[in-house]
Amino acid sequence: MDHLFILGCSLILIGAVFAVLVKPIQLALRIYVGVMSAGLLFNLAFALVNLVHLPATPLLFPAFPVLSSFFRLDGLALFFLLIITSAAIPAILSTHSYLNQYLHKAAAVRAFLVSFSLVLLSTQLLVLANHAIVFLIFWELMTLMAYLGLLLEKEKPEIQKGSFIYFATTHFATFCLYIFFFLLHSQSGSWLFSDFQLTQTSGMVFYVAFFFGFVGFAIKAGFMPFHFWLPHAHSIAPTVLSAFLSAVIIKTGIYGIFRMLEFCSPLPLWIGAGILAISLFSAIFGVWYALAQHDIKKLLAYHSIENIGIIGIGIGLGCLGMTYSIQPLIWLGLGGALFHTFNHAIFKSLLFLGSGVIYSNLHTRNIELMGGIVKSAPWFVGLFLIGSVAISGLPPLNGFMSEFLIYRGFFESASIFGGYFPFFMLLMTVGLAFVGGLALACFTKINSIMFLGNERSPHLKFTVTGLDYLSLGLLAFVCLLFGIYPQIILGIISSVVAIFQSGESAQTFSTFAQWNFITGIFAAIILLISTLIIWKVSRTNQRKSAAWGCGYAGQTSRMQYTASSYADDINGIAVSVLHLKSKVKIPETIFPVTSRFHSHAGDFSEDGLVKPIYSWIIGKITSVDFLSRTDIRFYILFMLLTVLFYGGTAILWTYL
Amino acid sequence: MENVLSILFCLTLLYLVVTSRIKTYVTILRIQGVLLSLIMIFPFLHHLSVHLLIIPIVSLIVKAIIIPRFVNKIVIDLDVKRIVEPSIQPFNFLLLSVFSMSVLFVSAHVLSGFTTIEPIPFASAFSAMIIGIFIIIFRKKLIIHVVGFLILENGILLFGTSLSAEMPTIVELGALLDIFVVVFLMGIVINRISSTFAQPDVTALGRLKD
Amino acid sequence: MDLSVSLQGLFPFVLILLVSPFLVGLINKQKAILTGRIGAPVWQPYYDLARLSRKETIYATSASFISRIAPVISFSAILFTLLILPIGYVRPLFSFNGDIIVFAYLLGLARFFQILGAMDIGSSFEGMGAAREATFAVFAEPIFFFTLGSLAFISGHTSIYDIYHSIQLDEPSALVFIIVSSISGFILLVTECSRMPIDDPNTHLELTMIHEVMILDNSGIDLFLYQYGSYIKIMVYAVFEASFFNPFSMANEWLGFSVFIVVIFLLTTVIAWVETMIARFKMKSIPQYLLFATAIGILNLLIYTFVR
Amino acid sequence: MLELFLLTALPLLNIGLVYFLKNRKIQYSLTLFAATVHLLCSFLIFSGFLNPSENDFIRFDSLTKLFLMVLSNVYFWVTLVSYSYLSRPNIVKEEKSKKLYFMLLNLYLLANTLALISNHLGLFWVASETTTLCVAPLIFYYRDEEALEAMWKYLFLVSVGIAFAFVGFLFLTLSANGTVLDGKQLVVTNFILNAEVLNPIWLKAAFIFVFVGLSTKIGIAPMHPGDIDATSNSPSPVAALMSGSLRGTALIGVLRVYQIMVPTETAEFARIIMIIGGMFSLFVAFVFMFKVTNYKRMISYSSVEHLGLIVIGIGTGGIAFVGAMLHVVYNSITKVVLFLNAGNIHRAYKSRETASVWNVLNAMPWTGWLFLTGFFAIIAMPPFGIFFSELMIFQGLMAKPWLLAGVLFLLFFIFVGMSKTVFQMLYKAPPDIANLPEISEKFDITHFASLILLLMLIGLGLFLPSELYEMVTNIALDFGIIL
């Protein structure tokens, strides 16, 4: 079976080669998209076929025993491979139209294409790796190639800044992972994931290893307060890459956390509780920050943090289940987290790729300058809307289904645990509901401001290419399919989660809800909606008229409600927590003069944590000047002093 | 006898510390060269083989004749002021030198208690090294730095001869040649520096920094 | 479950569909009486709906297809929440594990599209209403999960029907718990259905409204769907509230039915009374009010957990 | 003896030939021929096809073989690009330097080879002093004030340092006084065989002096400034040569003394000293990465960092020692790439200041991308070799967790500081579009060399050849490390 995968990977590499070698850039781009999507399709097929045949885990390169011991095709790896490929195919399809605006910079485009295909490749191999060093290699390669991908418009200062923050932060994460894997290695004496074991009996090592592993993966995943790189990187990346960054690359952090759970069983209680706390925090503040943004991509980036938080809540729940070996909780928590990981990859790709289409038409990311797009591209808006509904976790789309599993986990845990547990679980549930409310507010905001009403800045035309429709349509279809009929994927997930379930009674998804029932309801809702719409459209007595303006007819598009004012009510509650800053110039005379309002959302982690520490260290460094002597006599003096110092060390070493 | 010569050697060092005339520095280099050659000739007196005579003669030529002459030539060429401006008070310098020399002598004495060293040549050698370094550290003129370096080398040579270790002749000759070339090169560089910068001392060399 | 049970659930569903405008009429009538007027007849909502369904539909020039689909989706979602909610002792048409979550999120779906429909016009009046709706929803959502969620957590059930049926009034703390929960539930009702003191359904001063201003540019069949939807929503929350008192009906079907009717009637009276006596809150202080309701929920659960 | 002849005679012959033949093309061909033969010869020795004879003066153990290979490799590529470097249009002053260039290069090869293969510390000392002497005029290539200052500082500081090292060697002989070693007191192999009888006090003193003295050449802080000035102001091939091979040559001196100490109880002390020195080097690199305004100096500080890391690795022992040896190889290759491309940037922008370099990636795509790739290699990104060697060093450091934490902290900030500078050079848009210097570049020999070297780096990293690994483990075995 593995020749499918080898074929896919080779096609991805061939795509990169074509991107470099084919002379006309237009043609190169076309061939690239074709070859790459073919390669990814092969890999998707590979993942699906193997997932269906779980729990059998075949070897990847059976012909080369050494190589095949470096990789492992277990359920978790294959599931993430599925996520990667299914998010990558639409991204690749969108590449064609998105890059059209940059074709005059052929070299930069080629560089981007090559790094993009290498990102795809290294991400796929990363999740299959079974060897810590191989994992680290692909981890760093992925970081590096994604960094190179960010440089498509490298002349812009904001891109230089954002990409640098991304690069530096992820490099830091890698250092944490070094420590993590070294500790694991020292515990087990092997580099293979399948041999790693981390038990609490090892004392200090357990805590240190867990701490560094979690920090390393959490930085990549974007848990608060390690998230500060994420809005920077996502907002400046070429949109197809933003989509992939958000949909897949930050998920490799989640993948790492899943692996970590596999290593550290049995889990102590504080791990689950800690993950729950940090995740809820990420979810709430992620979405709240998102609400304050005007930059569509930054906003989506903060939503990634929120969704990572939701995934984390699922994981935390699963950890509790693992601690007390409660099968349903493991299933609902980890299964919900996995499902949400998949779903987030789908709808976040949809939204990011959509924002890419907007950017290539309007050349702005500021939502306050958009509006009225629905009139020129209703189908496009419809697809984007599907993504928005899905990410808000509303039925009948897939976002709801995964949140549903996590909610079910909470309720389930309440009936199992006694004592204080129900209370805290209820608090978590309410927190999740609060997140849902905020997400709803946020996505009604962007959909309204970006698409509805009248154009704020006039644009000539809004073109969406066929390939864009194809990629967005595919994603929207998956959203709808897994919302209404999640049984397809839940079967797979239950066999994936089996890794984490000790004991024989691996439960299946059908135990926890009458899925067919839910499918029925959702289908009925859609049926009802469609019927009503058809009925309504068939009614003939309709007419158009100007909007009601309390008698004032001279409305302009600038009088529309703005994103800032829409979000003001909610953000006003937490100005200081959110580091919101606004500058207002109010007209004070009777006759109106120029007045303005400017608001900016900071970030507590960046402004309150990272920047102060960083500038403190840099300040200390640059104030060290005893070494910056130009006089050669000092060099000789240093030499003498060093000899004396070492001599003193020798004496101390001998006599102490 | 070696001890007497070593003590003489030390006395030249102290004179070096108190003097402020460049000409004296050159003279002392000469004297030290002669003293070292004398010390090195002792093995020959024991064995009486031509083989052992080569090194003292060559070092006499290099250390006592060629190098001082070369340094002297640079001094004249450069027309540097004869007076050395110290960056430390002469008295303090003397105090520091005497202090470090006494420390060295005492520790050499202590060490000779349980190892196989001869304390006086050992301590003299290290005094020469440390005073060579002090001269480099406390003087500004580059030519004086070269002299300081040579004093340091003389100390090392003394140290080498005080050990009974035998270097192959070729290696020893190579070492002498190397030192000569180093000094020669340094001379050329100083010449260049004096033609490029206003004055050949360390204050001119401050362009390379971070 | 077999067909007869399902059909049994269908009957109250149809009943509520028919009765819900009457409930609003009842509230309005009582309000009129309390303010010393005769007021419109209780059947007035039926007349309104009939009129709206006949009238032609006017769309603003700036409106897009969103305006056309939003009322439908919003209405359908509300309709389906009704299918999940148990009425008294009767098992609803759809009852399954986790339907409490579906219930809450279906209302969310309805709200989502109502907001979009409002924003579609591009008028700042609708924008203002939509923004408020979104804000208050954020704070109302936790109340729902606190009131019903705490019951669910205590009972260990995740289906609304089972939750209500698990309420046992065998000890005083449970009684207190139920009563406080019903207070939270009332605040939720007031918020979600845009009644006083959150929103004033009567004023037509655009700046002060929430729900009414959002549907400012809707007419004809769209307005019909919105209005009917909002009537159903009130009914849903009234039933939601009345079901807290479900335990009283455990013994006897007819007793239960009468308790149910009495509670709903009392509720309309309370709403009418509150709307007459209390002025609308300042918009800025509404979140605090809602957080207060959440706090009641927390306190309630804490007391219940630790007293027991 | 054939091997010895091949390694040394050809450069020796060339010195004379080059001196008399003034045509630069002929000079170049001769030198390149010698470099190729040297490369071939050391490769044959490395891979075990040739087994040279050894005596009191000459030795070919694994350590020598490895470092010889490094030297040959660096020297070959540097020679290869030298002609194109010399033919670049430039100012008149340099013409004089060009006459001596190839002669000094040959002399350098001769001296450096002798230093590496020497078994006799006296010979080592003479040879390594000679390397300093031939590098010094090369530093002065540009004949400007900075070069003059750099040359003076390097010459003086290294001379003093080498003198210190000589003191160290004398201490070593002193430590053997009155033992069986009397008479053959500077032959390394004899010392290693009889390490237990040596006097520990003098052994420690010897190590201190050798380490401090040679640090001036290796670039271990705080003896690094001379090295920094020299590598940053010399022409790029020379800088590459110094960073890539000369530092290694000095390192082998330290390693020889350490090897003597390994069986004795003083080894632990040597390790502590090396770790202190290494950490201090990392600290210096950490501080100056945020201060440098000159990109060549930045690369030199990166050398200080990596040599520091190597010394820490040696001091840590175990797998870290193996990592350090591999690091020597990888670092030398990477430094050549960086310096060669920095030289290209310097030629195009006529400045070594970071502030006057913009947007290299667009203006000079080949140089820019190669420089960027070299930068990724030096900050230990896979699949380049340094990633693997650093990983080994870190793994070894796990035994001393706090040290590892310190190293990682410093390395992270070094990375931050360095990448800020590099990225600014590579991407920053020019401040004034109108006054841009006309820059156009074609694929030339430096790019070819960089490309091959980078591929070599990837190959050596990913598919660590068993010969190399065996060699490194043999070295480790010589140092008493059994993996």
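Order of writing sets the chain letters: A, B, C and D. Residues in each chain are counted from 1.
Keep in mind that, in the parts below, a contact is a pair of C-beta atoms (placed from the backbone, for glycine too) under 8 Å apart; a residue touches a chain by one contact, two chains touch by 3 or more.
Bear in mind that the values here come from a model prediction, so they are computed numbers and not experimental data.
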item	value
Far-end chain from chain A, centres as C-alpha averages	B
Of A-C and A-D, whichever chain pair has more C-beta contact pairs	A-C
Centre-of-Cα separation between chain D and chain C, whole angstrom	78
Geometric centre distance via CA averages, chain C-chain A, whole Å	36
Euclidean distance of C-alpha centroids - chain A vs chain D, Å	43
Computed distance of Cα centres, chain B from chain A, in Å	69
Touching two or more other chains - residue numbers and ranges from chain C	none
Chain A: positions in contact with at least two other chains	628-629, 632, 636
Multi-partner residues of chain B (at least 2 other chains)	133, 136, 145, 205, 207-208, 210
Chain B residues within the chain D interface of the complex	111, 115-117, 129, 133, 136, 142, 145, 149, 152-153, 156, 159-160, 163-168, 171-172, 174-175, 178, 181-182, 185-186, 189-190, 192-193, 196-197, 205, 207-208, 210
Complex interface listing, chain B residues touching chain A	130, 133, 136-138, 145, 202, 205-210
Parts of chain D lying in touch with chain B, wherever the complex brings them together	120, 122-123, 125-126, 129-130, 132-133, 136-137, 140, 145-146, 148-153, 155-156, 159-160, 163, 166-167, 170, 173-174, 176-178, 182-183, 185-186, 199, 201-202, 228-229, 232-233, 288, 291-294, 297
Chain A residues touching chain B - in the complex, by the definition given at the top	628-633, 636-637, 640
Residues of chain A defined as touching chain D within the complex	107, 133, 136-138, 140-141, 144, 151, 154-155, 157, 160, 163-164, 167-168, 171-172, 175, 178-179, 182-183, 185-186, 208, 617-618, 621-622, 624, 627-629, 632, 635-636, 638-639, 642-643, 646-647, 649-650, 653-654
